[in-house]
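Labels run A, B, C and D following the written order; every chain starts at residue 1.
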Amino acid sequence: MLILMHATASPLEVDAVAAKVRSLGFEPHKMPGAQRIAVAITGNPGPVDPAHFQHMGGVAEAVSISKPFKLASRETHPHDTVISIQTATAAGPSRIGGGIFGIIAGPCAVEGREQTLTAARAVKAAGATFLRGGAFKPRTSPYSFQGTKLDGLKILAEARHETGLPIITEVVDSSHVEQVAEYADVLQIGTRNAQNFALLEAVSQVRKPVLLKRGMSSTIQEFLMAAEYVVKGGNYQVILCERGIRTFEPMTRNTLDLGSIPLIKRLTHLPIVVDPSHATGDSLLVRPMARAALAAGADGIMVDVHPDPDKALCDGPQSLRPEEFAELMTTLRAMAEVLKVSM
Amino acid sequence: MLILMHATASPLEVDAVAAKVRSLGFEPHKMPGAQRIAVAITGNPGPVDPAHFQHMGGVAEAVSISKPFKLASRETHPHDTVISIQTATAAGPSRIGGGIFGIIAGPCAVEGREQTLTAARAVKAAGATFLRGGAFKPRTSPYSFQGTKLDGLKILAEARHETGLPIITEVVDSSHVEQVAEYADVLQIGTRNAQNFALLEAVSQVRKPVLLKRGMSSTIQEFLMAAEYVVKGGNYQVILCERGIRTFEPMTRNTLDLGSIPLIKRLTHLPIVVDPSHATGDSLLVRPMARAALAAGADGIMVDVHPDPDKALCDGPQSLRPEEFAELMTTLRAMAEVLKVSM
Amino acid sequence: MLILMHATASPLEVDAVAAKVRSLGFEPHKMPGAQRIAVAITGNPGPVDPAHFQHMGGVAEAVSISKPFKLASRETHPHDTVISIQTATAAGPSRIGGGIFGIIAGPCAVEGREQTLTAARAVKAAGATFLRGGAFKPRTSPYSFQGTKLDGLKILAEARHETGLPIITEVVDSSHVEQVAEYADVLQIGTRNAQNFALLEAVSQVRKPVLLKRGMSSTIQEFLMAAEYVVKGGNYQVILCERGIRTFEPMTRNTLDLGSIPLIKRLTHLPIVVDPSHATGDSLLVRPMARAALAAGADGIMVDVHPDPDKALCDGPQSLRPEEFAELMTTLRAMAEVLKVSM
Amino acid sequence: MLILMHATASPLEVDAVAAKVRSLGFEPHKMPGAQRIAVAITGNPGPVDPAHFQHMGGVAEAVSISKPFKLASRETHPHDTVISIQTATAAGPSRIGGGIFGIIAGPCAVEGREQTLTAARAVKAAGATFLRGGAFKPRTSPYSFQGTKLDGLKILAEARHETGLPIITEVVDSSHVEQVAEYADVLQIGTRNAQNFALLEAVSQVRKPVLLKRGMSSTIQEFLMAAEYVVKGGNYQVILCERGIRTFEPMTRNTLDLGSIPLIKRLTHLPIVVDPSHATGDSLLVRPMARAALAAGADGIMVDVHPDPDKALCDGPQSLRPEEFAELMTTLRAMAEVLKVSM
């Protein structure tokens, strides 16, 4: 925290600011400059709200300078976190992070046994390393399809058994965490729950990795603070997921913020994947954005694949057909070789 | 839903679109225009995703045209909903809506008995009609003060008993709804839970009014859809709350969207109040924005008042002092008379 | 500028930062804190780009702390600037600022003599103090009506002569400044030219006041920097105009940022008016937002009034009819009395 | 344009809407649906403002359905436009579009002869096909370096002569177009002038290609409408440039919208390049975003390269060093081979 005084601030006003710093329990440092004086607080353990100072006499501006996330930061933990999951029927573990590009694919929603198994076999055949599928669906409209719930979880478990792929599925309420964790290998927190702190705390108590989607209006700092909730609770197995942010542009569902990828990798040791399907909402944009995610340095992608997108109950128009997904995988493998990334 | 064809679309392409409409279970209507043909679907019961058509041959654009909220809409229910609550110790009911401007005031967080009772007495004396106070606090950082929880609820109940003011307090997880409803008169859903559908469904089952804050990145339509979740569950007692949206402007915490007020009043019968404290995060902006809310046609305001903002554990810099709140009330009363609003 | 080092930064890294500060021509100040050290530069005459430091070893963050606008700031010039214009045929001057609420009204575009004179008489009769009207129209589509240009300027001059109202009209290119300044009393810079610095410099050389609209994506700081361009050129007669910013909300044309009003009045001595017509694009929202602007502390409003909005060539749907404007004026006068503002 | 009536609209209200359509000079088409009736206008030559209808009795919503850009649209002109420039001293032409990935590189600003020639030689050696460099600089602050102007143009011409690279430089005002066009091979319109229609019209009259940057708050539709201004004036040689949009995220200067690339390529025949330097403002993000641009299907990149970024007068922190640029080029060439793009 730095409190910058006006050029015309009186010594009394500077003293009042210093006294206020002390009254909050911190130590002030006066810094005389050529044109003005500033008062710094650098020893504070947590964040200090700049607003405490902004209306005081002589104060020009109060600026917060500390990074508020700790355990998730690369400063604290310089080495890449790698998520590694071995299912009972797989030959070897599925991995994301530390130079390994993970491929999470599957239907947006688990609609039924046949649809999910068909999708699971297709993505496995094309080289996916994780299976996604939603059993609990958060929907903007109460009149939309709300998911197959427990039945869906059981279908996912069957798909895991058959393909050996670890399953990633969303949990939408703290009261479901136990049940979902019984079936899932990775618990997904959706964008609308990105700041549902009760849910973040609940999943922090589970010994299963968490895939945390960026809130559609979360800053990168808030996104990492949400991860901090999970890590602080004791669960270090967090996969971040960039899935687009809300902007003024109406032609795409969200604006995929790929510039966040190299930035987030600088700030945190946690792996980050990209979901081009939900970011764009348009299957014609999914493959270009999946390729761009790899090129930008992401640790993986998460892609909707549906055996028959036209009949999908949820987000069909953004789903790839199995043959489109296979074609994408071929391109990604060739690119990964050039970019020296493991797949 | 209207599917606009290219000027150059062939009759076969138009037929394919019509067939696709039929395959989704609806009836197509071909509309020949001067330059191009369009295919309309007007009889569909729910929304149809425009993306089903946008990649078909000859299709220029597919536009969704139906309003997705129903029970909350003024089209369905033309008369203003009025929320009216009578506490055991009050002389008469507290009201919001239908031409009555409600005043919700109190501390951001219930920090302790003394602080809350002092605030409650002060806002009652100045003319507030509801007491606000948070016992469960959703905080961006896991290292920030998280609320006094059950103790806080008990303090609020005591403040209600003493002042007769109905209490409004936040519920942050579906598992707490029963407990909070035992104490609160109005259950508040915060901005970060604006699309926590499990929580919306939980409060829809309670026989107490709900104050629903707009998500910081919710469109007006999504805001009304969130209300629709509560109303559809059977709870028609919903108070909407505009509290600022997230924009590119960094100097205010959020951008208060007062233009939404007359628009929302045209679209829905539910009352809408404005929270200038959380919208701006700056006590010097609270009074101007509270006055502007009344002038814009809102049904009430929700204001943070703290006996000693400098010592507040949460959001002190946005809290009014009791004397500032009283001064605001005097101005609002004079304005209300001019604007022919009851207070 | 403050460069905050990591807790683990070595003395050599701190020295390298200090040396870098010196190499840029400034003086470094080392500030030891409880957990980390910071290096401050406070004597720099202009802004220093934080990015110079952000990739250096041991640097956690570099924060810019100086206010970049000077002549427009209240810090430099504490007293309100008042714009006062006396036309040849008026009884007294028209004023904006310093406690006087100015009323700028008239058609969005000067379409013809009859339409403009009718509108001018109507707004004058209802109490407007300035006449607005666009002769040069910046339009998103090259196929839309582009304005009546020189003919329009002459019609405005005739309307001024008849009503005594000073005229405000837009200038869209530096090559037109001389011509527009010959006719106009106030030169308007539109939102799309808010960072057209060549145009800002051109109007800074004119001895006529400038009404500067906020760019639809300008931060408050950028808005004041645009004003600084005009003031730095020697033209202190600047009226700021808040007209809505671009956000994710699609239901209103822009989001009117009324919270900016009290903030801008704290930061600058220049008067600020609100344009509710262009902010909302919807005549039903204009009156509530005009009332809210007065309640928020603005120095005036700028409102589209058209004798027959249904036939307007530009922005008809946001224009008030003369009788709606007169009704608004009645309400504003009653509110101004309560709020102790002169009109 | 489609006007959707309420389910409860009366036949009289429907007739009034039809009459209004006729009064605007168009032909109404009534479309009875299962639940409601709609009135369509499909033969209108230009856009009709939906707001004409939205307050009429019985009207639920009015939706605009026509694409407002024509000459720039792929619907009108299906084949890719290729920009090809041959300078006097080059062995062959430099190209962008139609499957050829163009490389535009050079200093943000022309600061002096030595700096520019050094940068030009370096980017030529590494394989750039165009030289960028700003002589006229639009700067947010009037106190920042404003460019070397005519001297800068002459230095660029010398750099072109020596390297054979065509030069791209910005023009900031209509009064400079003639002078800049005398020196430049491609005229750049910057993001702050993206809706400076006077300038767009001026460059539409020049027989040199135009590189048009997306406005930082332009929707894709507005971006293409700006291109339409240039094309409509007779200049079909337009290169679009995505350079990031303004969002709520503060950690990057802008949010690079790579999802716009495949979308824009679907909508228009004009080539589109990406500027990762101005989009991110951070040299560590430039290479990942340049790679991502190629992977997303862009027709080229535009990158700041400076011989000594630490001493740059403008945007040094976002500039690549020559060796970083050369390393990027090596990677891009390897990726282009895999992606079957010519470089």
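Couple of notes before you dig in:
FYI, a residue touches a chain if its C-beta (ideal position, glycine included) is under 8 Å from a C-beta of that chain, and two chains touch if they have at least 3 such contacts.
None of the values given here were measured: they were computed from a predicted structure.
Within the contact network of the assembly, the step distance from chain A to chain D comes to 1.
When chain centres are defined as mean Cα coordinates, B lies farthest from chain D. One inter-chain figure worth recording: chain C and chain D are separated by 27 Å, centre to centre, where each centre is the mean of the chain's CA atoms. Per-chain Cα centroids separate chain B from chain C by 30 Å. Mean C-alpha positions place chain A and chain C at a centre distance of 38 Å.
Multi-chain contact residues of chain A, defined as those touching 2 or more other chains: 217, 246-248, 250, 282, 284. Per the touch definition, chain C reaches chain D in the complex via residues 20, 23, 46-47, 49, 51-52, 54-55, 68, 138-144, 172-176, 192-193, 195-199, 215-217, 222, 225, 228-229, 232-233, 246, 281-284, 310, 316-318. Across the interface of their complex, chain B is touched by residues 2, 4, 6-8, 27, 29, 31-38, 40-43, 60-61, 63, 65-67, 75, 246-248, 250 of chain D. Against chain D, in their complex, chain A makes its touches with residues 217, 219-221, 244-245, 247-252, 255-263, 266, 279-280, 282, 284-285, 288-289, 291-297, 331, 334-335, 337-339.
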